[in-house]
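In what follows, chain A forms one complex with chain B and a second complex with chain C.
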Partner chain A sequence: MNTKVDTEVIKEPSMLKQKDMIAGNYDRLTSTRESGEKIVSTFVPGNLNELIMCFDMVNNLPETNAIQNGLRKQSGAMIMDAEKSGHSEDVCTYVKADIGMMGRGNIAPNGKPMPAPDMLLLSYTGCFTFMKWFELLRHEYKCPTVMLQIPYQGDGKITKNMRDFVVKQLKEEVIPMFEQVSGVKFDIDRLREYLKNSAKAEDDLVWVLESGKNKPSPIDAYFGGVYYIGPIFTAFRGTEDAVEYYGLLRKEVEERLAAGKGPITPEGDLQGEKYRLVVEGPPNWTSFREFWKLFYDEGAVVVASSYTKVGGLYDQGFRHDPNDPLGTLADYCLGCYTNNNLPQRVELLEKYINDYQADGLLINSIKSCNSFSAGQLLMMREIEKRTGKPAAFIETDLVDPRYFSHANVKNRLESYFQMIDQKRSGASLAAA
Partner chain B sequence: MSTAEIIARCEALYDDLDFTASRQWKEADPDRKVIAYMPVYVPREIIHAAGMLPLGIMGGGDQLEVIHGDAYYQSYICRIPRSTIELGLSKRMDFVDGMLFPSICDVIRNLSGMWKLMFPGKYVRYFDVPQNYRDDVGGNYYVNELNELREGLEELSGRKITDDALRASIEVYNENRQLAMDVYAMRSREPWKVPSADVYLLMRAGLVLPVEEHNQMLRDYLAAAEKVDAPKRDNCRVVINGSFCEQPPLNLIKSIELSGCYIVDDDYMLVHRWLQKPVSTSGDPMENLALAFLHESASTAAKYDTQEEDKGMFLLEQVRKNAAEGVIFAAPSFCDPALLERPMLADRCSEHNVPYISFKYAENSGQMQPIREQAGTFADSIKLWS
Partner chain C sequence: MECFIGIDLGSTTTKAVVMDDKGQVLGRGITNSRSNYDTAARVSKLEAFIDARLSLIRRELDKEPALAGRVDDVLEGLTRNFRREQFIEQLGDLEQTCISNVDGPRFAGMEKPIIEALTETFRRLRDDEADKLFAPDAQRKSDFFRDIAGSRFMQIGEEVARGGGVSFDHLLHMYDKSIIEVENRPPSGDMNRKFVSAMERVRDEIAGELLDTAALEAPIKVALDVDMKERYVVGTGYGRVRLPFPKEHIRSEILCHGLGAHLMYPATRTVLDIGGQDTKGIQIDEKGIVVNFQMNDRCAAGTGRYLGYVADEMNMGLHELGPLAMKASKTIRINSTCTVFAGAELRDRLALGDKREDILAGLHRAIMLRAMSIISRSGGITDQFTFTGGVAKNEAAVKELRQLVKENYGDVQINIDPDSIYTGALGASEFARRAVMEA
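Up next, the complex of A and B:
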């Protein structure tokens, strides 16, 4: 059943703004040899963009490069290149896509080669693979590398010891290395200014994400959500551009809400929201459009997702705090979703199902990602037990097209939607 | 006692998936408690000083039928967490009072949270270690983590862990480390006298027995092995790398040797040799444990190498010290740490003209023929070209 009404797809101002921002950053990255700017590569979770800006360095995120290559259907060949050169078929495909990209000249989406990074900031936040990934890059680039270890919240809390450890590393390892590579002296007041911008943008982002609580939801918090988190999770948090972007986005969503509109899809506005889902796990990028279509064709809207929290749990109250610049960076890193323990993750998903009045939980389990995936089957059972709502499990990969089976995913989703229907008719029978 | 008798006892312990020896230890006194731990390292001294038994859990091996565990994991995740869950759900670990999950990879990390959800009421701790090796940075953090562990165990046992008790425990584990290293050194010297399966089983026994008993066992074995009269074979000498977590089946270890390779060093059960030098028994015991971790610990893929130049140096040193002629990279399927590390280590080997081969296994791998052939060809090529 197709619940959507086709309308002309208009690019909203926020979309155009984001497109310009991303293109601008790639242009900056690919012209550093002329401009003399220095590049630092780092990861999305625990991304310290405000700090990077204090040293006038350009932020390069290999995960987003892999995503770009996935969306352009180029990652498959890159992964195979990496496997041919000795990387195991068993390991994270982001790493292999990155290594394969390097082998093909590191061509950015603007068609120009990306210069080698001047520094690697290994923010070891919520994923073991990060550590090996940057050791592998260091092995190739032989460039200065600094590790920022972010202790995992094993007991579901951030202790003073963890926080002190992160702050100390920032002071004694990370900032000195930045100063050395960039030649720019650290200015904490400059950091404060960026952090103020971050908090402003975060307020608007949270408003947008929470609009999913409305019925119908004016946003899709997964397929749309990955665009909404783009600027704040990457090279723009702390910038005026990000503040402007989130202001625009919020205004657009406010208008959609007032007009009673559903989320935007690649084929126009979704009308007639039929299923409200919470999704756990990252999306598949190589067949992103096809994957999304399987949802909107059935009137399924994702009202909340965990993937949109990998770069910060802003909706749970965290804001960057200019009054405690280094402490807040520590809290930020320590609080990212995949740095939360399994019981915390279960609680959060349970809360989303209740707060967003969802019909159930869908887990997209990613072959590459042990950080997300190990334990998801137990999480699913727990959520079902605690909420009484049905849950479903699909398996895909991030950027390896070999692990996306359209037919399997479609079948799974169809039976899941039937399950929700049955649950509903059971509930209405019981109420009658 | 002969080596065969000692090894027969070790093998019985290895085969016993109900951990009867550890159960019996606990049953002897109602105040006793058992704390299990997973690979790759925990400071067992602290558990010991609390009057508790540290129990190493290395998964279920190839004899455990995994009935429930598979329902908790996708096909692309290694086997050790599923067999460990099986051990838990089948009540084989019901006598265990707490469990430590070292910071080694995201699978074990997440298993710590699963354990909390599945076995509420048990003491569960994710045991974090520093990846920063400066005394005042990673060292401080680690000392505080050790003290949190100490407090957690004190709460569990209802009694204080004194510094003196810690120093005494460090002493007994220093002895254990030395004896384990002596066994390894003896194998390296005379591998024909000390088969790798023996070394392996001896170390496995150390996971389930009280350390004092294990020390005696190692002493007995060393003495008995001196008297062994076995023919020296024309085998090549190899170092095994990548097997620090999920363990290969015993048959795999035997197969490597049968195919013409003497294993002269390995990274199975590193916990016994993680701290490579004796830990000081004077001064603050927690600081001493921390300093030993920072500056004297073995290397695995689960550790960060601060400098690019350091990568692979530990392995190359193992090769050099043991006069090894090659490296076998043997990693569990789907093991991110080992498999991500491997290309870097392989490059180092190539740079230093150390031949190597690679394969993957699972703890329940049954087919040994391909591995035997691969290792056999490797041994032949080494002999041919050396």
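Up next, the complex of A and C:
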């Protein structure tokens, strides 16, 4: 095998920066009782971080808490707790991990208890479970709750009506509720400043994501990608910190590219890119390292993924626009990957396979995600038909460790990689 | 002669196929996987080479006019006497191992009588029993050394112990301690020598019937003189990572099954394989290249184990299920796809007074419905359709499959090869051949 990874682990400046940022936000969240700051809970797709900052509130994202607990192997027990309290085995495991976390005193990754949120902001961007989840949280916390209804792109486009509807809700419901809870008056110029920062960071993020078009790719746009999207998808879009982070990251990737290096893996630089994949669906978090290893051990690099677009499709041209602050927030929410219809998702994945010269499509279908797993087999067949490239389908879960079967996933991935080999050598392997 | 070998390490059995440089299958071998893949791989390969040698012998015998009409008898005799030689060789190994195990404080002072008793037991096994076990019409319940040797050892050992004033427990202890060691040490002696001895015994068995013994010996010698060189081995199956060879020599069983089915039936486009622990729906192109596949995940309902479980629940042998289900006059609907729940439904149905055969027909339908769902996920059935794996030997399962295929996909040619258990190993051997011939 020509694929080899160096074993020395080097933390790059961007990694250290991100670590500090995340730790800082958790510290801010867990010390609001002392600082007097107010917490708003919201979701990654449709996350209105710039707006939240306008009211000096701290952003808490239950999904990322579930991911943190998954990565730290805490989620399994939390999910079982939630099941004991009556939530079915088939319910989204992010929800159950969150409910289980509350039952255990809502301890944040820094070991301190997370205070109850002061407000719930539900940006409804295509996942119906979010609505039920916040219904449960509202019942638990009995705090002010506002729902921003984002019309689904059922016809694959954003109309003026849809946009106006979102802007109207921002003006008439969301902003007034923020003012009421925070006691801070809305200042649109402050929003403009944050949006300027967002656009700057977005430019650099897009540059990084598109570096996957190079051969070999200097990044893994899935296993590495989930780290790259961290700041912009969470509590940092619009901050100076995010601008700095993406500047650092871009510089690092530029250097990797110039040096002809492959992506960073937990075991060092990947050398000898063998397969270029486009991946649809989130990764498995509870066995994240093992899952990743199944790829880099075989020299498989993910050059583009749809999961890194759930919090905004920046690579397709969208940028936060300081000249139209509320309109741009509406466009952002309407355009999230989660709010796209099936034909749009097919088109995007097809485009990625072509633009990134990928060998094929891999779908990691999430067992407990009814919203996005529906239709994935159809998408796969359509993309196979359009691109002529082989596709494969694996199934795991987000944060439920019971649904990651290493032997099964390994078997399928190996079969898939060998299928790609076979396709490549095509005629020469033909039967006599 | 250059030989290319494919080994399929399944959860239940390990299969090997030996192929020549033209892609002709020379031999097949099968053994229990016995949770020891190294041994299983070696034993199955050895068995396949024995089978391959017999193929070469047949080719030569077929050319000999004096043997016209007798070739099958000669081969039967040759195979049987070869097994006898193998048995005696392993018996010798077992004897040595038993004797070397007579050691330690427990046997202090008793070594001599124990060793004498062992020697006598093995002498009788060798001199009296081997001929009986391998006589022309003798029925052997199993071809595995452990089974054949074990049953006779118990009886003879007890007699010898009684006569020699030694506790039979000691002999039994030696046997138990040694059999696994011997079993995991495949017979390594010279294969040709055993074939020559076997040939001599065949000659004696049929002496008088055959005027010209040279007509028998010459072709066999020609075949034995062929040097079968192990050129390249490809491994597949769940145990493939345990195979003692480099990564390049390992292929996924999905690809091997696809290619194997293609070699058996070149017009195959869809393959269904139902094995012990998984069910695979595979789509292949006109060259046998896999274009898509789906497998059962997180749940083994609808695999071969399902039928094994049902057989246990009904206190029947696995191979009795199909024939009984074929006697059904109606098919009871079984809703559960879960193996364990289907067991509960089975008991419920029995309690309600339904007939065993009708319930079994329903269970066979349930397993096939599950398979159909996996096939649909992989892209449906395109003519021709090839069904492989252990469950393909079950006539009731095949009957349900035929019906479901007709209902859902119309008239499709369904191929089922009696040797379908070797499909994965066959594909692997072809990958081995291509790795060298098309390099």
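By definition in this document, the second predicted complex is superposed on the first by the 423 of 432 C-alpha atoms of A that agree within 3 Å, B and C clash if a C-alpha of one lies under 4 Å from a C-alpha of the other, contacts with A are read in each partner's own complex, and residues count from 1 in each chain.
Criterion: a residue touches a chain if its C-beta (ideal position, glycine included) is under 8 Å from a C-beta of that chain, and two chains touch if they have at least 3 such contacts.
A quick note: this is a predicted structure, and the numbers were derived from the prediction, not measured.
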* To do: Have a look at where A:N354 lands relative to chain B and chain C in the superposition and call it first, second, both or neither.
  => neither
* Asked: Between chain B (first) and chain C (second), which does A:E395 come into contact with in this model arrangement: first, second, both, or neither?
  -> both
* To do: Could you look at A:S35 and tell me whether it touches chain B, chain C, both or neither (first, second, both, neither)?
  => neither
* To do: Check whether A:N411 is in contact with chain B, with chain C, with both or with neither, and answer first, second, both or neither.
  => second
* Is A:E382 in contact with chain B, with chain C, with both, or with neither (first, second, both, neither)? -> first
* Figure out whether A:Q180 sits in contact with chain B (first) or chain C (second), or with both, or with neither. => neither
* Would you sort A:K423 into first (chain B), second (chain C), both or neither based on which partner it touches? => second
* Asked: Do any residues of chain A touch both chain B and chain C, and if so, which are they?
  -> 367, 377, 395
* chain C-facing residues of chain A, complex -> 1, 367, 377, 381, 384, 390-395, 403, 405, 407-408, 411-412, 414-415, 418-419, 422-423, 426-432
* **chain B partner contacts - residues on chain A that touch it in the complex** => 85-88, 90-92, 95, 122, 124, 127-129, 131-133, 135-136, 138-139, 142, 145, 147, 149, 151-152, 154-155, 159, 161-162, 164-165, 168-169, 172-173, 341-346, 365, 367, 370-371, 373-378, 382, 395
* Structure fact -> Residue positions on chain B within touch of chain A in the complex are 71-74, 76-77, 81, 101, 103-107, 109-114, 116-118, 125-128, 130-132, 134, 136-138, 140-141, 144-145, 148, 301-302, 304-306, 308, 311, 333-337, 339-344, 346-347, 360
* Note which residues of chain C are touching chain A in the complex, please. => 23, 238, 247-248, 251-255, 259, 262-263, 266, 287-295, 297-298, 377, 379, 430, 434, 438
